[in-house]
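I'd like to ask some things about the structure below.
Each chain gets a letter, A, B, C and D, in the order it is written, and its residues are counted from 1.
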Amino acid sequence: MTATLRLSSDWLGLAILTLGGAIFLSVLRPDFLSSYNIFVLLDAIALSTMIALGQLAVIALGQTNLSLGSIGGLVGVAFAGAMQAGGVAPWLAVLLGLALGLACGLINGLLTARAGISAFVITLATLAAYKGVNLGLTQAQPLYDIPAVVKAVGTASISGPVPVLLIPAAIAVVFVWCLFDRIPLGRQILAVGANQHAARLAGISVSRAVIATHALSGLLAGAAGMMAVARLQVGQPTIGDDWLIPSFTAPVIGGAILSGGYVSVAGAVWGVALVVLITQALVLFQVDPYYVQFLLGLLILAAVGVNRFRSKRQTKAV
Amino acid sequence: MSPALDLSEITKSFPGVKALRGVSLRLDPGSIHALLGENGAGKSTLIKIITGAQSPEGGEICVSGKPVCFANPLQAIEAGIGVVHQERNLIPRFSVGENILLDRIASASLRPINYSAVHDEATHWLRLLELDIDPRRLVSELNVATAQMIEIARALSQQSRILLMDEPTASLTLSETQALFRMLRRLRDQGVAILFVSHKLEEILELCDAVTVLRDGGNACLSRPLAGMSRSDIVSLMIGRAEPIPDLGRNQRTDLPVTLSLASVATLGGHRDIDLDLRSGEIVGLYGLVGAGRSELARAIIGLDRITHGEIRIDGAPVSIGSPREALHRFGIGYVSEDRKQEGVILSHGVLANVGSTVWSRLRGWFGFLRDATVIRLVAPVLSALEVKASSLDQLVENLSGGNQQKVSLAKWLAAGTRVLIVDEPTVGIDVKTKAYFHQLLHKLAREGRAVLVISSDMPELITLSDRIAVMDHYRLVGKFENSGDYGEMSHAIMAYIHAAPPTASLKSQNSAANAAAT
Amino acid sequence: MRGFMLAISGNFRSTIGAAVRSRIGLPFVSLAALALLFFVSSAIAADANSTKVAIVAGGPHPYFASWPQAGKDAARDFHLGAADYKVPQSWSLSQQNDLIESLASQGYNAFLVFPGDPAGSRNVVGELVDQGMPVIALAGCLQDPSKAAFCFATDTEHSAYLGAKELIKAMGGKGRIAHFTGFLTDPGTALRINGVKQAVAETNGSVELVQTIADIDAPEPAQDKINAFLATQGKQVEGIIATAWIPATVAATALRKIGDKRIHMIGLNDDPIILEGIKDGYVTGTMLQNPYGQAYIGSYALGKLMSGCKVKTDAPWLKTPQTTHFVDSGTAYVGASDLANYQDKMQGVTKDILASFQQKYLDCP
Amino acid sequence: MLEGLPPAQGSDATETQYENAGRLGGKLGRFLLSSEFGLLLLVVLAFAGFWLSTRGFSSPFNQFGLSRSAAVNILISLSMMSVIVSGGLDLSIGAIGVCASILAGWLMEACRWPAPASVAVGLALGGLLGFANGQIIVRTGMHSFVVTLATMSVFFGGMIILTTAKPFDSLPDDFSLPAQQHLFGAVSPLLVYSVLIACMMAYLYRLTAIGRDMLAVGANARAALLSGISASRAVTLCHAMAGILAAVAGVMLSMRNGAAIPSMAGNLGQDWLLPAFLGPVLGGASLSGGRVSVLGAVLGAVLISVINNGLLLLHVGAFWLQFFLGMLLLGAVMIDKARMRVFASGDRR
């Protein structure tokens, strides 16, 4: 019982903030609760969640993956290209895409673990390398011939307002949550993130944890890249260019510690929901486009601040 | 019967230094074996080799008669060697149970952890240590002493035939230490071989059966029975000659001017009615168990916690101290933290940058201009007086021995010319010889006219050093008296004050009342 | 200066093949790459008498897709030394400036430049012209005063205005519309907003511009904002005009997703998504530009300038808010009925401009 | 003051352990081990390689362009470095740089202020915005990553609101003059300014009290606090300094462009982040704070500029450039690592 209470304290404030905001919006704008809008919200949440999880895994380790968006873009165009130029069946292309994402992540992990250079520097370099391969292959031209099945997946809903793309996101959330909650590998990653020395003394293979984490991050980034293709209906080489900052925003709002050792999957998901909600609110209230960026910054600052203030008070009460 | 652990002629060298030049050790099942040696004698290297963190260059390790070779810590654990390390090796955001069984999680990979089984098993090991802790609690919620016990529970859980304990009692209270000893004796009776490393010779004499002493990377003695050995025998083995027994003498003049005085001080942290005078030229010892609020009082004095009631006076004038910066530069108060590595020194910086940190702002010239030469002129005499051993002034502090690190953390306050020195646990983790040196040093500093407050849980140290002793319990001063220098008499007096303290419950409510009043 | 650069011509091409196949341990891969790079050399034949045109894009963008071919065609048709398409790695003014400087170092001597920024590109263009290399601003203009010979581009404000007009016509002259456009930091965005506003203003209130959504040139934000708009306010509008490439495709996709043919939409360019939307009735029409013609005629004009022609001062220049030396590269509205032959339409426009170009704008010896 | 103290009976073992630190011995050995030396080697290598293998690299025209972009890169690197010192980072430097140059541009264009005064006010704004970052971080205790992530949007958004993204492009000629002059025919005066600023930074960290305070706080804030150093003041100053340096970089960029343009550092100023981190990190700064090298950051920035410039001159296919840039970066750090191993073998401490 105490455990659940403690767990919920990570994201309870965020949940209240997000749900409160949603209620506020739906009172002011009845359209907000329309089936299509909920679909749109969930659709946006699905992709952002995948991106956030890709970074969250690496944050758990106390590292960063700057090449996240670059992997997403590369996998996205490779996925589209395999189907367009190679005539590969969509399901096979998905597997190939996941494998490519995994491979990119593995390269990051291997270089970080074996060369003993900070992941920040390694992924900064691979960011350029993967993006270069992407541009070199596509010549910066989008790939248009996306099979109808893939396009359908990008727009279809399971039932009512629940988009199909929520399925991979949900699977990823459950998987990552399980991983960091109860799978030994995930706990090992957290242990390495919290105290590498102690983890090594307890017999945890630090390099294995590092490699596994980066591979997972690459896998999730690759999945996100393919989701983006399905959503956009085009194999855009620019996919992933803007992922870096949002990928950090949600986990950090959700309470993850950047130095490693602690992440909250639920917190990150609520963080994603909050950012999506803020974005939509700014559209809904027809905010002057010139003010959008400014307000978004203030609101993020406020959300993080409120969450922090609340958790501070809570620890004091204990 | 073959020994549980048999090391013969182990050698290991690091670039520039031969750490071990043929060390042997024989650990029999069913015995508690002390491993002693001064800092730098090669003890920690030997421990690293036994636990698989480093591999030896020469010599042989046998476990239960079979030669082994560890490539990593996991292999040592699997060979039945459980370890309690000196530094804390717990994962703060993990539960107690998970920490206890961490090595099992380390060897698994994908099958989900069954937490109820983990916690059940953890409960078993906690019971064995007479600890009543919910294994589901997070380690980050525990105090240092309990965390230490969790590490011991972890070593137990490995059901090792060989248990290596590196300074396990450093942060334990008297009663916790006793519980630990009871448990260790029980394990010994079950046939476990225990290797016990400690600087506290009294504990060694009380607990252990045999002793191996290291000196300068070699054996000063090999697995010698402790029966019949005295404290001074051990010390002379460690340092190669008889221990100098200092009698520093006591200064009990009451006519010295009062430098720092606390008058019915209460703090936001929960201290109440603290009255304490610190005279120029004397050492006041502040004794208390871990968690009694001693370090917290020191922090309140230098402005890190709010004073909610009463006043602090310097030379009789009431003052308000807002930050350590003010404490140092306006009032000349320095605080040597108990947490040397985290707060006392900057490990990744050089000696000069560490010692100079208190004087930069005083020495700077136009536009903040500051030359090394200026700093060195002030700092060098202090460093040489303290005999800090470093290859150069730029040598990184992390590469210094513990004793030298402590000298650096003290030197910066001497360089700053502080009049009031608060020294928190001055000799934790420092070997016997250097300890004696520090005692003489502190004594000397006081006699030069400084007011020194020594905070320590080490009773012999306090009785050696202090002119007067104050006892703190539960954030209150429960007794103040002159130190006669007689160990038996004084330790009795101290314990009497602690046990006469009001019961915990009523005090807690007072504390919360104080908090409420403060907010 | 120019002679100096042209005089240097290394040719190490033969060594490439051997070096490519070297496979060494991981840390050395990059070393190998470095070595390889040093031995790869210029593939451009040096010919001191010819014009070497660099066609410099602003960054990777589908709009420029036809420029490489246009350059090749122009080089062949007008006997230029080269007319090569060059593109910076990303949309960044600094990268484009670096690229242009580097191209000048490599011996290109005439430039068609899509200005990364109307004001920010002036200095680098000025430096080129000062060294005797003519520059034409292509597909976008420099802010006057600049040293570019002239600007050859689509009139964005006018195009947005015409698009809005078409939209209003399709809506029957009344209703409410929304406008989706690109990065706010792109000065063209303000012009497009103006163009749409002007068309709306001319209806005297029977058409209302409900909302302008900007800063959506990247796919994800475009998705999020456009979908959010359609979901919550879609019912309140009858028309949408998109004046940037990504918002146009995203909006077309979104309309197809909702299956809503009630909302009229005008897009931009001939992106396949837009064309298909027009075919299937989700998109009303699109405002076409003439990228091929821009690069083709631009290269032709540079060849003329290099062979001694001068820009006429009294030519029939158009005036835009940015420059007084503007030549319209042509714009056309493509609706459902024009789908089959819209490319012929554009080629016709190109031919027309080319036929009278020298006589209209240049003084040749 | 401690005369007469009985000498500690120290064993000499600990002392000898530290004396023969390096086989190469002395300062030369330490320099050969330093990442500065490795970088210098790489810069020379890349420079020589491009000089020999491409045409145009050696031309004065190209060298001038290279020196100009190196000048800006150096300042961006130094700006980030001054925050990395404190163990934090600043994602908003691009936004600050743009804001500062826009303010200077506005003063020159709309208010007809003379260039020097406008630039001074622009730099002051940079300092002020950095100061605001620092204060928010110190007062709320939030991580600098989160704070500057948000202020990046706030600063940039605020600037967009005020300017509606319009550039200031009729600036006085004397403003952009420094970006057009040639020293020795091939060097931009901007590079001289950058090197001068780098020297001032080196002076700050080596020879002033506040510079040492910053390093101490970055390495161990608690220890520094207890030593009477005001940690919050040091952190705030680090951020303010980063703001000023970013502003200088922004002003230089607008000198080069001849206009103050909102988009010159990309959306939200994000284009600067890559060079900003690369320079200091290649130069051996520790991202956890407390250790910096001004020379290293400068060399790192120069290396990136040289590689960027040289790659453009090689015909590797426009879109593969970025791939090779990534590979070269990987190569650079790997070579550096290998060099450390070679030189350190046998005399590691």
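Convention: contacts are C-beta pairs under 8 Å (C-beta built on N, C-alpha and C of every residue); 3 or more make two chains touch, one makes a residue touch a chain.
Given the structure is predicted, the values throughout are model-derived calculations rather than measurements.
Of the two interfaces, A-C and B-D, the higher number of touching C-beta pairs belongs to B-D. Here the spacing of chain A and chain D, counted between their Cα centres, is 30 Å. Once the centre of each chain is set as its mean CA position, chain B and chain D turn out to be 41 Å apart.
Measuring from the averaged C-alpha position of chain C to that of chain D gives a distance of 35 Å. Multi-chain contact residues of chain B (touching two or more other chains) are absent. Shared interface positions of chain A, defined as residues touching 2 or more other chains, are 111, 115, 135, 140, 290, 292-293.
Residue positions of chain C with contacts to 2 or more other chains are 26-27, 60, 87, 89-90, 184, 215.
The chain pairs satisfying the stated touch condition come to A-B, A-C, A-D, B-D, C-D. Within the complex formed with chain D, the chain C residues making contact are 1, 4-5, 8-10, 12, 26-27, 29-31, 33-34, 37-44, 60, 86-87, 89-94, 97-99, 101-107, 117-123, 126-127, 131, 143, 183-187, 189-190, 215.
Against chain B, the residues of chain A that register as touching in their complex are 2-3, 6, 178, 182-185, 187-188, 190-191, 194-195, 197-205, 261-262, 318.
Remark: chain D residues 91, 136, 140-143, 145-147, 149-158, 160-161, 164-165, 268, 270, 274, 277-278, 281-282, 287, 317, 319-327, 329-330, 333-334, 337 touch chain A in the complex. Looking at the complex, you find that chain D touches chain B at residues 1-11, 13-21, 207-213, 215-216, 219-220, 222-230, 286, 290-291, 346-349. Residues 111, 115-118, 120-122, 124-133, 135-136, 138-140, 245, 248-249, 252, 258, 290-298, 300-301, 304-305, 308 of chain A touch chain D in their complex.
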